Amino acid sequence: MSQITREQLEALTREQLTFAKAYNFVIEKLAEHEAWIRLPANGEFLRPGGTISGPAMMALADYTVYAAVLATIGPVELAVTTSLNINFLHKPAPGDLVAKARLIKLGKRLAVGDVPIYAVDDDTMVAHATATYSIPPHREVTP
Amino acid sequence: MSQITREQLEALTREQLTFAKAYNFVIEKLAEHEAWIRLPANGEFLRPGGTISGPAMMALADYTVYAAVLATIGPVELAVTTSLNINFLHKPAPGDLVAKARLIKLGKRLAVGDVPIYAVDDDTMVAHATATYSIPPHREVTP
Amino acid sequence: MSQITREQLEALTREQLTFAKAYNFVIEKLAEHEAWIRLPANGEFLRPGGTISGPAMMALADYTVYAAVLATIGPVELAVTTSLNINFLHKPAPGDLVAKARLIKLGKRLAVGDVPIYAVDDDTMVAHATATYSIPPHREVTP
Amino acid sequence: MSQITREQLEALTREQLTFAKAYNFVIEKLAEHEAWIRLPANGEFLRPGGTISGPAMMALADYTVYAAVLATIGPVELAVTTSLNINFLHKPAPGDLVAKARLIKLGKRLAVGDVPIYAVDDDTMVAHATATYSIPPHREVTP
């Protein structure tokens, strides 16, 4: 069961994660240790040759791990990314992408998420990221 | 000497790198194996606690290595990022950031850039990235 | 079906990959896009606190992706690692480890492998790596 | 000034870091936020084509950041690597390698080191790594 509702995450995103709001991320799934987020196709992010931009995929990966962390430990606003690694695998055809984050570590201080990103239309894995979040020592939970 | 002028890179960015245009990146330096790009402070990218967002820094790192590649081999539109790794080091105070990319490898097929990112005001290194670009086998140079 | 037999990979390892030979890696599985390699428990690699050393796990991850590449395209001796990223997740209890590599990209020039590493005894994921190999343009296959 | 002497680090390595002992690492420099470690040329680590093996360079990078952490905060045995990223840049000619680690972050909980690796003979940067260490909350210092 997710420790944060879709509505809570949407409100938090609207108020505080302005970059995520700009990308129009759609929350597809929130569960313990897991989150799926969709990036709607959007001309704004196209690169030469029509590929969705790397930066859009990096933002998607980062946000999806953030969502998985919050889904697991509740709305900890001060969780921050400490590192992110991404491999771009295949040039996606135009269309929506979906990132599927799974937490492979959830310690007292660090959480690590594994995040394959797929093209929604043909299910190709177009990128693969891992991201580490630092979790504040005293978790201040916003109701 | 740079193989691409500031004006050429600005035109390329305006026409084709819409994500970079959205960030209002400012070209500070273009030289062989090197590029400096400034990210102007911008409320849109703030996270809870006032930190410039990780995704904005990732986009900055990616674009700065792209600029360094083009400054070295000329305007190769089809150079694409194959991987990027970033460590977030210190929460920047509000203010502009500048990324300083240096190519540490420029092979026939791959270029690797090392990119520390600094807060302009106090010169703190706030993040450090490395990014790899794939260079197309037959470089089609746009005049 | 694997494009290299266990005996071929063992011979190649014995003759040319002296580091892998030193770790006594055991080939558990070779298949298209996939390889499983076991690292036998070995006092030589213990760190303070009894954890298997990070470097041993990095060598294991690297070798396992190499095995997956060879299992897929045949015995290409000149495939070389271009980058590797690893996250250490949980301190393994003493005992064997097994790395399970899956190729998530196999292009003409680059192959990318995703490699979770597990403790054999309790199936905990103790580390997670991704590694990129460069594949030579003219594949010279050794019979 | 280093918070650990060369003799202390050598003793610690001999007793507890058996992998580092096997590589015959030579301590070249220990200073605040900095360490230089040399990897003597050694046939054991050669790959097909004569390149020093990737795993040997990864072990070197990891150990050099560890040395830089200990040089800065004293002999904290329980500092452990949480992640490492490496790019292999140029195939080194046979000969010694030297890694030059500099800590780009030293927080209460995490330290991040930047580690270019050079061929000693011709000063080429042959690889570049970053490694993150977790520092235990209660530092138990061994005299």
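Some points to look at:
Going by the order they are written in, the chains are A, B, C and D; count residues from 1 in each one.
Note that in this section a contact is a pair of C-beta atoms (placed from the backbone, for glycine too) under 8 Å apart; a residue touches a chain by one contact, two chains touch by 3 or more.
All figures in this text were calculated on a predicted structure; none of them were measured in a lab.
Two copies of one chain, subunit A and subunit B, form a contact in which over half of the residue numbers belong to both partners. For the interfaces A-C and C-D, the C-beta contact count is higher for C-D.
Look at the CA centroids: the one farthest from the centroid of subunit A belongs to D. Measuring from the averaged C-alpha position of subunit B to that of subunit C gives a distance of 33 Å.
A straight line joining the Cα centres of subunit C and subunit D is 22 Å long.
Averaging Cα coordinates per chain places subunit A and subunit C 29 Å apart. Residue positions of subunit D with contacts to 2 or more other chains are 82-83, 85, 87, 132. For subunit C in complex with subunit A, the touching residues are 85, 87, 89-90, 104-105, 112, 114, 116, 125, 128, 130, 132.
Within the complex formed with subunit B, the subunit A residues making contact are 16-19, 22, 43-49, 51, 53-56, 58-59, 62-63, 77-78, 80-88, 91. Listed in rising order, the residues of subunit A touching subunit D in the complex are 82-83, 85, 109-110, 132, 134.
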